[in-house]
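Order of writing sets the chain letters: A, B, C and D. Residues in each chain are counted from 1.
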Amino acid sequence: MIREMTVKIEAPAELMLLRSLNAFVRELIQQLPALVGAEKLINDLELVFNEAFTNVNEHAYPSEQKGEVTIGIRVGVNYLEFRFEDSGSGFDLEGIDDPDFDNPQERGRGLWIMRNLMDEIAYRSAEDGRNVLKLRKYLDYVGPSRHEA
Amino acid sequence: MIREMTVKIEAPAELMLLRSLNAFVRELIQQLPALVGAEKLINDLELVFNEAFTNVNEHAYPSEQKGEVTIGIRVGVNYLEFRFEDSGSGFDLEGIDDPDFDNPQERGRGLWIMRNLMDEIAYRSAEDGRNVLKLRKYLDYVGPSRHEA
Amino acid sequence: MQVERKNGIAVVATEERLDALVAPDLKETVRKLVEETGLTKIVIDLEKTKFIDSSGCGALVASLRVLMKNSGDMKIARPTAQAKSLFELTRLHRVFEIFEDLDVALSSFSGK
Amino acid sequence: MQVERKNGIAVVATEERLDALVAPDLKETVRKLVEETGLTKIVIDLEKTKFIDSSGCGALVASLRVLMKNSGDMKIARPTAQAKSLFELTRLHRVFEIFEDLDVALSSFSGK
């Protein structure tokens, strides 16, 4: 039934879309054979998606001039991948430190959450001004479709 | 706060996406100032979206070879518009009769629902093999953003 | 979907959504009830169904037909506001026998 | 967000989602409580909050700071499984005083 599939969403990076996009992702992934009933994992993946979207909303563009975000959601044979593409300022992922746990700040937990809950995280600022954050989680595939894929 | 916005979704026309797309639309539109608390209207719009997606899933492509659908959701100053674009067989919208109410059939209520619940419905099969169904509902705009738009 | 038997009547309780994803299950459930258990009096309990669409309506029409062909009948119980409004829009409120109360739906069979 | 007073302590009950959409409201609510009513003992009741994210955590950290600066304190009551797991991931379970029971959270102030 389930096969590999990719959904691509182009939208303004507006906070107003946060919950509707989250709802979409949650409804989608909870149907995946590897995730049926896996409440904790579904929560984690929704949270990661939420953090990545919030970051584009908050950091990619100057505040009064929200640009666009292109989101890719890929259901692979044994993984789930989120891609967030913006044409904003970009940043240096490697240069972002872990949160200061001894002196907790208001901000700075988003990337920590993404790094810890996902198996792969990669960020690339391309020459053409497009920045892409790629987040991947491997899932134990269960169900018949591995063979069909 | 709310401005005009367009969200574009490219996805396979798979039934598996029906509920997640519906959830997205519902979450999105229930935040619109004109729709806050308007349960019946929110239900109607979700139903129309649901019918249009189901039709692409069921009719646009041969059954074992589901193609792609491109969905546009446009929040206008005083309207909401759904666009469903497929590259399938296409059909003649004007040629589709109303359901036979005296001899109820299993099928044939989708377009009736869309026609009755929306203010505008238009279908175009373009030369390039793209078919576009456009569904529009005018909303009484409330809130500050009319002036900003 | 949950099926229960009450005095020779099957009560089929549908889930939160009765759409193209589950419409085939509903038809199949009713067909099996008729073929395998011989039950032809069925109440469809829509209490939990917050969302029904044209595919759901289609499955109900198909089920009614199967039951009538087998000298049975189908009643609908406890439709939500969304279901009622869709039945009216599609004129199915004139086709289905609809009850606000499950027990009344059940006892409506006994006259026959 | 709902605010109630119980014996000089404010109980702020957050909604189903505590994300970037409402994090500013929480900070603002706490700031106003302190500035306008002088209340500096606050329990954040997370019972209804099925989803909290880094913005929600940030609003809680900011609130705790404001309260401590005003010689008050903040306790967290009834976190859901999702909230508990996020507090652990972000090590905030060592920063916040967290209670499974709302009354225990409330009475934890009285020792001071």
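FYI, contacts are C-beta pairs under 8 Å (C-beta built on N, C-alpha and C of every residue); 3 or more make two chains touch, one makes a residue touch a chain.
Computed from a prediction, not measured in an experiment: that's the story for all the values here.
Once chain A is taken out of the picture, touching joins the leftover chains into the groups B, C | D. For the pair chain A and chain B, the distance between C-alpha centroids works out to 27 Å.
A separation of 41 Å divides the Cα centre of chain B from that of chain D. Shared interface positions of chain A, i.e. residues touching 2 or more other chains, are given as 19. Looking at which chains touch one another, you get A-B, A-D, B-C. Those residues of chain C lying in contact with chain B across their complex are 17, 19-21, 51, 53-55, 57-59, 61-62, 65, 81-82, 85-86, 89-92, 94-95.
Those residues of chain A lying in contact with chain D across their complex are 15, 18-19, 22, 39-40, 43, 46-47, 50-51, 54, 57-58, 99, 101, 104-107, 109-110, 112-113, 116-117. Against chain A, in their complex, chain B makes its touches with residues 1-2, 5-12, 14, 16-17, 19-21, 23-28, 31.
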